[in-house]
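Two complexes are shown next, each including chain A; its partner changes from chain B in the first to chain C in the second.
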Partner chain A sequence: MLTDIILTLAGAFLVVIFSLIVAFFLLGVDRIVTARMQARIGPPLTQPFTDMRKLFTKENVVPANAIPWLFNLAPVVALASAITILLYIPIGGFPPVLSGGGDLILVMYLLTLPALALVAGGFSSGSPYATVGAQREMVTMIAYEFPLAVVIIAIAWKLAVSGVPLPFMLMSIQANPVWGLVGPLGIIGILILFFVLLIVTPAELSRIPFDTPEAETELAGGVLVEYSGKNLALFTLTQGVKTVVMASLMVALFIPYRLSALVPAPAILQPVLDLLFYLILVVLVAFVAVSLIRVSMARFRINQVVSVYWIYLSLIGIAGLLLVMADHFIGVV
Partner chain B sequence: MKLTKSFNRSLWVFHLNTGSCNGCEIEIVATICPRYDPERFGIKLVGSPKHADVLLVTGPVTKKMAAKVRRVYEQVPDPKLVMCIGTCGQSGGVFYDSYNLDGPIDQVLPVDVYVPGCPPRPEAIVYGVVKALEKLERLEAAQ
Partner chain C sequence: MNTETTKKSTPYTVPIGPVHPALKEPVMFTFQMEGEIVKSVDFAPGNTHRGIEWMGMRRNPVQIVHLTDRICGICGIVHSLSFARAVEQIAEIEVPPRADYIRTILHELERMQSHILWAGVAAHELGFDSLLYLSWRVREQSMDLIENLTGNRVNYGIVQVGGVRRDISDEQLPIIEQGLSYYRGLLDQMKTVFLDDSTIRMRCRDHGLLSYRDAQLLCAIGPTARASGVAMDVRHDYPYCAYGDLNVHPVIPPQEFGGPHGDVYDRIIVRLLELAQSIDIIQQCLDNMPAGEILWEKKIPKLLSVLKKAHGEAIGRVEAPRGECMHYVRMDGNDAPATWKVKASSYSNLMSWIPMLKGEQLADVPIIVASIDPCMSCTDRVTVIQNGSAADLTKEDLTRLSRDKTRRLSQC
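The block that comes next holds the complex of A and B.
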C-alpha cells in the first residue's frame, strides 16, 4: 500500500517534469515552424522558456477592480488541472500513472477544468475586455464539447461491440487499436473522426482560427488582458501543457502503436524507443492541429465558431460515427 | 525589479499612439514584417500594456491624450522601457508650439530611447531597439 503511494507520487512527479519539458518544446517548435512557413527565421527553440523566465521576474499587477484571491488562484488551478489530465493518459509505452481509476469520461470532464479556470480568472479581473473574453471562452467550450464527445463515444462504442471489456479505459484502447477492428468503410469513418478531433484541438487550446476569447486585435488579449508577471506565465504554460494533453489524447485514441512491438530491440532500449516514437507522433499531431491550421487561416467570429462546431463539425462527426456503425452491422450480417 | 538576460531576449512591445499621423505606425508594422523579423530576438507586439516590457510611443501627446498616456505607462509592469518613435515625440515636429499639445513625450513620460525621423525607417527602429538593448545591458551590469 505504502509502496503504491510512493510509486504513484514518484510517477506523478516525473509526469509533471516531463509534461513541462515537452510543453516548452512544443511551444518552441510551434513558433519556429510558424516562422518558417511565413518565410521568417523565427526565434530560437528556447524562446518560450526565456519568455517564462522573464515573466517570473516581472511585477505581478492585481487590478483594483479584481477579486484578488480568485484572480491569483485561477492560473494555478488551470496549470494543475492540465497536468492532472496527463496522469490519466498513457505516455509512450508506459501505462498512465493513475491507471486504476480514470477513463475517457473523466478525461473529458478534466479537459473543461483549465478552460473553466480561465473563465473564472477572466471574470474576476474586473475588466470589460476580460469579461467579454470569458464569455466567449464559455461559448467556445460549449461549442466544441459535442464533436469531442461524438469522437470519444464512436471509438468506445466500436470497442464495446467488438467485445473489449472496459471500452472507455485508455489502456484497453491502447491494447486494441481501433483500426484493426473495422473494415474499409469503418476506416473511412475513423479517418473522419480523427479529422474532427484535429479541428477540435485549436479551439481547446484557443489558437487561431478559434482564438476568439483572446482576440488580440479586438479584445486586446481577452481573458488574459489584466494578467501580468507570473500569473501570465502560468497561463502560457497551461496552454503548452494542454497542447501536450490534446496531442497525447489523439495519439492514444488513434495511433496507439508501440515501436518496440514492430522493431526488435533489447529490453532496456524498448521504453526509450517507445518514448521517442511517442514524441515524434506528438510533434507531428501538434504540427498539423496547431501550427498548420494557425498559419493557413484567419480568425472566426464567435458566432461562426458556434456554427462551425455545432452544425458542420457535428454533422461530419456523426457521419463518421454512422460509417463506423454501418461497417459493424454489414460485418455482422 | 531585477534586470536579467532573459528580459533582454524577450521584449514584448505595446504600441501607443498619442496623436500621431499614422506614418510611424506604418513603419512599425513594416518593422514587424518578415523582412526584418524581430521575433528572432524574442520581440513581439502584444495587445495589452499589462503584458508589455516596452512602451512604443508615437505622436506628440495631445492635451486629451496626456492623462491616458500616463495611465498606460503606469499599467506596464516593472521593469519597463519607453521608446519614442518619430520626430513628433521629440520636439512636436510639425505640431511644434501648437495650442493643443501637452508634449513632447518627455514632458509626460521618462523616455529611454529616441528614434528620430518623420517617419523613421524600419532600419532606424531596429537600431533604436539595439540602443535600448545596450542600455539594458549597461543597467544590468551596474546593478
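The block that comes next holds the complex of A and C.
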C-alpha cells in the first residue's frame, strides 16, 4: 500500500516534470513555426523557459479594486486542475499515473476547471477589460463543450457496441484503436470527428481565431490584463499544460499506436521509441491545431465563436457520429 | 460575482485609450456598453499636441517646409507639398513642369506605402497577424523606392518652395518601372488575400457603417467618404501638380462588389483600388515626364528675399492618403508668415467615428477605429489646459475664439 502511494507520487512527479518540458517545447516550436510562416525569424526554442524564469522573478501586482484572495487563488487552482488532468491521460505511450481511477468523463470535467478559474480570476480583477474577457471566456466554454462531448461519446459508443469493457476508460481506447473497429463509412465518420476535435483545441487553448477572451487589440489581454509576475507565470504554465493535455488527448483518442509494436527493437529501447514517436505525434497535432489555424485566420467575434461551435461544428460532429453509427448498423445487418 | 451581474444589465463604461493596443496613436475613447454592444461613444483628442505651428511662426518658409515633413509620421510629402503650394500662390511662384511631375510621382508612391501600411494595421486589428507581416514586407519595396528617389525613408525633405530638391535621373527610371511592375504583379494577390478571405468578410461587411448622407453631413473626406459613395478627390476636383494632365477619377466601390455600402469592407476595397490607381498615375507621369528645371530659384537667399516681400493669403490643398490636407498661410512682409494653419485630413474624418461605432460590438471597435486610418499627430493642433488639467471648450467659447482670431488676422 505504502509502496503504491510512493510509486504513484514518483510517477506523478515525473509526469509533471516531463509534461512541463514538453509544454515549453511545444510553445517554443509554435513560436518558431508561426514566425517562419509569417516571414519572421522568431525567438530561439528556449524562449518560453527564459520568459518563465523572468516572470517568476517579477512581483505580483494586485489591483486596488480586485478581490485579493480570489485574484491570487485563481492561478493556483487553474494550474492544479490542469496538472491533475495530466495524471489521467496516457503520455508517451505509458499508461496514466492514476489509471485505475478516472475516465474521459472526468477528464472533460477537469478540462473546464482551468477555464473556470480563469473566469473567476478575470471577474475578481476589477477591470472592465477583464470583466468583458471573463464573460467571453464563459460563453466560449459553453460553446465548445458540446462538440467536444459529441466526439468523446461517439468514440466511446463505438467501443461499447464493439464489446470493449469500460469504453470511457482511456486505457481501453488506447488498447483498441477505433480505426480497426469500423468500416469505410466509419473511417470517414472518425476523420470528421478528428477534425472537430482539432477545431475545438484552439478555443480550449484561447488561440486565434478563438482568442476572443484575451483579444489583444480590443481587450488588451482580456481576462489576463491585470495579472503579472508569478500569477501570470502560473496561468502561462496552465496554458502550456493544457496544450500538452489536448495534444495527448487527440493522440490517445485517434492515433493510439505505439512504434514499438510495429518496429522490432530490443526491450530496453522500446519505451524510448514510444516516447519519441509520441513527441512527434504531439508536435504534429499541435502544429495543425495551434500554429496552422492561428496564422491563417482573423479573430472571430464572440457571437461568431458561438455560431461556429453550436451550429457548424455541432452539425459536423453529429454527422460524424451518425456515420459511425450507420457504419455499425450496416455491419451488423 | 453578484455585483458584476447587476452591472451587466445596466450600461457600463469601458475606457479605451489614451494608450491602448487598439490605437496606434493616443486618443481617449469612452464607451457606454450594454453587454458587448456599444450604446454611445465619446472621444477626446489632444493627447499628442506638439506645438508645430508655434515653432513655424518663428521660422521662414524655407525652414518651415522641412518642419512640415515632421507633422505626420508617415506622410512625408503631403504637408510639405500643401504648405509649399500655399506659399507659391502668395508669392506667385511658378513651379517648373518637371518639378510638378516629380512631386506627383512621390506623392503617389507615398499613397502606396501609406495604404499598404494601413492594410497591415487593419489585418492586425482583426487579429490576422500573418497578413500584417506579409503586407509590411511588400511595403518595403515602396519604401526602398522612396529612399532611392529622395535619400530618406521617412521625412523625405524633397519639396522646396518653387520645386523639388532632387531630380529623377535616367538611371532611376528603370528602378521605378521595376517597382511598379512588382506591385502590378502583387495587386491580384492582395485583392484575393484581403477581399476573398471569409473571416475578413465576416468581420468587415456591414460593420462600421457610414451612410452617404452622414458622410456628407460630417464632411468626411478621402477614402472614408469615397467608401460611402461620395465621389470626391482633390486630385480630380481641383487638380494640382501634374494631375491636370493626367487621367484621375475618384475611386468608389465598384458594382462588382455590390456598390458602396459605406462599411469597413468598402474602405478596404477603396484603398486597394487606389493602390492600382497610384501605379497607373506614376506610369502616366513617367510616360509624359517633361524635361527642364526642377526649381524656380536655386539660390536660397534670393528665394527668401522674394518670399519676404510677399503679401497675401492662400490655401494649399492636396489629397493625402487619408483625404484632403489643407494649409492656410498668410504672409505680411516679414521673414516668418503672419499665420499658418494646418488642417490634416483625419481632422475631418474623426467625427464619422460616432455613427460608425454606435450599435457595434466591442470586438469591432479596433477595426472600425482604424478603418478611417486616423492620424492623431497630424490632427492634434491644440490642447486646452485650465488650472493644470485638460478642459473642454463649449460651442460659444469656440465661436468667440474664432471671431477673435479673424479680427486679429484682418489687422495684419
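Everything that follows uses one rule, which is that the second predicted complex is superposed on the first by the 333 of 333 C-alpha atoms of A that agree within 3 Å, B and C clash if a C-alpha of one lies under 4 Å from a C-alpha of the other, contacts with A are read in each partner's own complex, and residues count from 1 in each chain.
Everything below uses one rule, namely that a contact is a pair of C-beta atoms (placed from the backbone, for glycine too) under 8 Å apart; a residue touches a chain by one contact, two chains touch by 3 or more.
Treat the numbers as computed from the prediction; the structure is a model and nothing was measured.
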Partner chain(s) touched by A:3 [first = chain B, second = chain C, both, neither]: neither
Chain B versus chain C as contact partner of A:123, first or second or both or neither: second
Which of chain B and chain C A:132 touches, first, second, both or neither: second
Partner chain(s) touched by A:31 [first = chain B, second = chain C, both, neither]: first
Partner chain(s) touched by A:54 [first = chain B, second = chain C, both, neither]: first
First, second, both or neither for A:40, with chain B first and chain C second: both
Touching partner for A:297 - first (chain B), second (chain C), both, neither: second
Touching both chain C and chain B, counted on chain A across the two superposed complexes: 38-40, 129, 216-217, 219-220
Chain A to chain C touching residues, read off their complex: 37-40, 123, 128-129, 131-132, 135, 208-209, 211-212, 215-220, 295-304
Residue numbers on chain C that touch chain A, as the complex places them: 1, 4, 7-8, 12-15, 20-22, 33, 35-36, 123-131, 133-134, 137, 197, 199-200, 202-203, 361-366
Residue ranges of chain B in contact with chain A within the complex: 1-2, 4, 6-7, 9-10, 34, 37, 39-42, 46-48, 50-51, 53, 75, 77-79
Touching residues on chain A, where the partner in the complex is chain B: 31, 35, 38-43, 47, 50-51, 53-54, 57-61, 129, 216-217, 219-221, 224-229, 232
